[in-house]
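Once you've had a glance at the structure underneath, I'll fire off some questions.
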Amino acid sequence: MTELIAYGVVLGSIIALGAIGLTLLYGVLRFAHFAHGDLMTLGAYVVLLLNADLLPALGIPELKLGPLSFGGRMLGALVVSMAVTALVALLIDRILYHPLRARRSSPVILAMASLGMAFILRSLIYIIWGPQFLFYSQELRPAWELPLAVRLKPDQLLILVMVLCLVLLLYWFLQRTKLGKAMRATADNPQLAWVCGIDTGRVTAWTWVLGAALAAAAGVLYGIDAQLRPDMGWSFLLPLFAAVILGGIGSPLGALVGGIILGVVQQVSTAFLLPTYKPAVAFLVLILLLFVRPRGLFGGT
Amino acid sequence: MDVSGLLSYAVSLAIMGGIYAVFTLGLNVQWGYTGLFNIGIAGFFAVGAYTSALMTTPMPEGVYATYVQQLVGLDLPFPLGLVGAMVVSGILGLIIGIPTLRLRDDYLAIATIGIAESIRLIFNNESWLANGPRGLTGLPQPLRSWVEPQHYNYLYLIVVLVSVAVVYWAIERGVRSPWGRVLRAVREDEVAAAMHGKNVFAFKLQALVLGAAIMGLGGALYAHYVRAISPDAFTPLFGTFLIWVMLMLGGSGNNKGAILGAFLVWGIWTGSTFVTDQTLPPAWAARAPYVRFLLIGLILEAIILLRPRGLLGEERRVSTLLEE
Amino acid sequence: MALLDVRCVSSGYGEMTILRDISLRVDPGEVVTLIGPNGAGKSTLLKTIFGLLRPTGGQILFEDTDITGLNPPALVRRGMSYVPQVDNVFPSLTVQENLEMGAFVRHDSFVERLEEIYAFFPALGLKRKQRVGGLSGGERQMVAMGRALMLDPRLLLLDEPSAGLSPRLVRIVFEKMAEINQTGVALLIVEQNAREALRLSHRGYVMASGEVRLEGEGSQLVQDEEVRRLYLGGRR
């Protein structure tokens, strides 16, 4: 059981990364971004392109990092992928959501547009890479024996470390920088932010950058741990939304906690259910939430 | 292709267009008239198809029992299969609606995705229910004995078109009734409707359930046309997304638009096979379906950006009382 | 030279016209109050001046520059500031962070200004790190005003600053506004609490149905029979 919980925390931290981005978009832009899972997929595949094709073609060797299944080159590819995914998200916003916002379209229309975007992104990935499962690395790395009968692979420990670092970075950004505070202010009250003179265009752009970058990172980390397939992000959609709602829409801390809880619940459920049912378990959590406490843990909206 | 080949192709196109028209009409009740954001149509689709299948096939016996498992096999006639599909689908709508309709629009959306996904997973993994991934085959077709096999589709086309007509007529009646006007009022301004004493929740639930029942009918019609169903026929693309594009293209809030959109988009979807066959290099043949998915997605975005009211737009005439 | 010059401005929401040909002016360092019944368009006028609504006709000049139709961030940079009636703070941010948001357009350090604002509102100085959502109504109003003062505006627009406050707090708010005015900031105030507001003001305008009905000095309007009957409760 502790093993399930331990892996659940790893999975949950990946969900949390995606959920934090999703909740930021919800809070600042006030719509349900259904293409968020597919941004995760995009991030994962961009790293594949870089690490498996582009960088080796440029003659850049992999820098092995001890017991991990990947190395420095992969981490570099991750950073680049986060930037690329952020750019793609900004582009999509400019072409699609920005005109809709200017027209004062309802949040449902925005959500529908994001649904269309989800299919478009997924189709592109199917077209370019095909439907088969792909892997960053075929090497098998043995798990480490840790206290409390926990067995985790070094990759998985790194995932935890990376998520922690990214979360701390985000915390610093939101709490200590002017733009981060402006983001929180805009999420609280967009019109007042406007009245204060806050540049809501810049705030929007940075929200997309952060949300997309975190999603890309989540996708890559999942790819490291499991595999890449074109619908990997879509299958995260239910856990992502469940985590966001569990934590309270708009609360990054809530999304972090919600993500971890969801990961643990999903993993523990494999003790009695088939693993393929994990999205359904997330859904069950969601329905229960809607009955019991729709505002979530830290919610206010 | 010779004339009879072309004709039978056109008939099968029309049958699928008609089946999708039924789905689109159901969605129109939910979204076009009531503003409910249901992105789990595939769930109602699947439930309708499977219910009808289980009701109209017999329990497998003898040799077959080793290959096929199913929960029930009632071997009832086709019309009862349709009715059963509508009822069970409607009940599913009730189950989803009760916890979610009092909450925000996007909660309904997420819940419907969840339901559709969960249903697919259940049918796929619980083989005792409906034979799991292998699905059910040999579904009966109504009045099969009346015509020769090669002409059967013409008969089925009539069945489908009659269904579309009945659903269309029923919705048109409903929409012009006082009930329909309240629905529209709820979509436009919930708060105002509530202040007028209307039980907004009850109306939304009714619209959701009615739309669900119609989608269940569509599912049943589909099942008996293709004669074999399995969980991977009810994907988010075929079962949900395509129908949304159909309604948005035709014009949400307009039943004629719903039907038009269904035939048009189905035509584009199947027609694009010719385009991809001609233009894509052979190595890409396996990716062709995804190119067509991409096309459909781009069409939706184009509609949302450039012509959100769709081709026909919302119906102007709202009530027979306003005729004068 | 008038600080703010509103010339024949019309404005509204969509098809509905609320303001018709309104003209008014605020001179540097003045306190001007707008009073009138609900629905007279007073708040709409403030929103139109501050760029939250587009006027359909007329012109607005600030320090002799045409600012008609400029948006809030542009106006904030030019020395104007606005305190809305409701939702005028960021509840999940701290007092300090709320004030910082007021200075968003500044790129240098504004630590001195922060201290000045805290000196102005000592109660806030003690609660810098507290979430504004947990503060009382009066304290929130202080935060709202402090935020609007961060950039040292020459004109401050206030929409019903005393709304929903107890009589004691109302007095404090009006005292604060007088103090703010003494530092040279002009105030354009919309108020339901007409008596107090007019007492504080150099001049006032009485609005009804989207038009200016009466204009005069604050002390004059307070004594005007008509005004007293309609807006000041009719008592002496």
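For clarity, chains are labelled A, B and C in written order, and residue numbers in each chain start from 1.
We adopt the following convention: contacts are C-beta pairs under 8 Å (C-beta built on N, C-alpha and C of every residue); 3 or more make two chains touch, one makes a residue touch a chain.
Since the structure is predicted, the reported quantities are computational estimates derived from the model, not experimental observations.
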> Which chain has its Cα centroid closest to the overall Cα centroid?
Replying inline: A
>> What's the farthest chain from subunit C if centres are computed as the mean of the Cα atoms?
In response: B
>> I'd like to verify one number: the distance from the centre of subunit A to the centre of subunit C, where each centre is the average of its C-alpha atoms, in whole angstrom.
In response: 43
>> Using Cα averages as centroids, what's the distance between subunit A and subunit B in whole Å?
In response: 32
> Centre to centre, by mean C-alpha position, how many angstrom separate subunit B and subunit C?
Replying inline: 56
> Which positions of subunit C touch subunit A when the two form their complex?
Replying inline: 50, 52, 71-73, 76-77, 82, 84, 87-93, 97-98, 100-102, 104-105, 147, 151
>> Touching residues of subunit B toward subunit A in the complex: what are they?
In response: 35, 37, 39, 99-100, 103, 105-107, 109-111, 113-115, 117-118, 121-122, 124-125, 236-237, 241, 244, 248, 286-287, 290-291, 293-294, 296-298, 300-301, 304-305, 308
> Mind pulling up the subunit A residues that touch subunit B in the complex?
Replying inline: 31-32, 34, 96, 99-100, 105, 107-109, 111-113, 115-117, 119-120, 122-124, 126-127, 130, 234, 237-238, 241, 245, 274, 276-277, 279-280, 282-283, 286-287, 290-291, 294
>> Looking at the complex, which residues from subunit A come into contact with subunit C?
In response: 178, 181-182, 184-185, 187-189, 191-199, 300
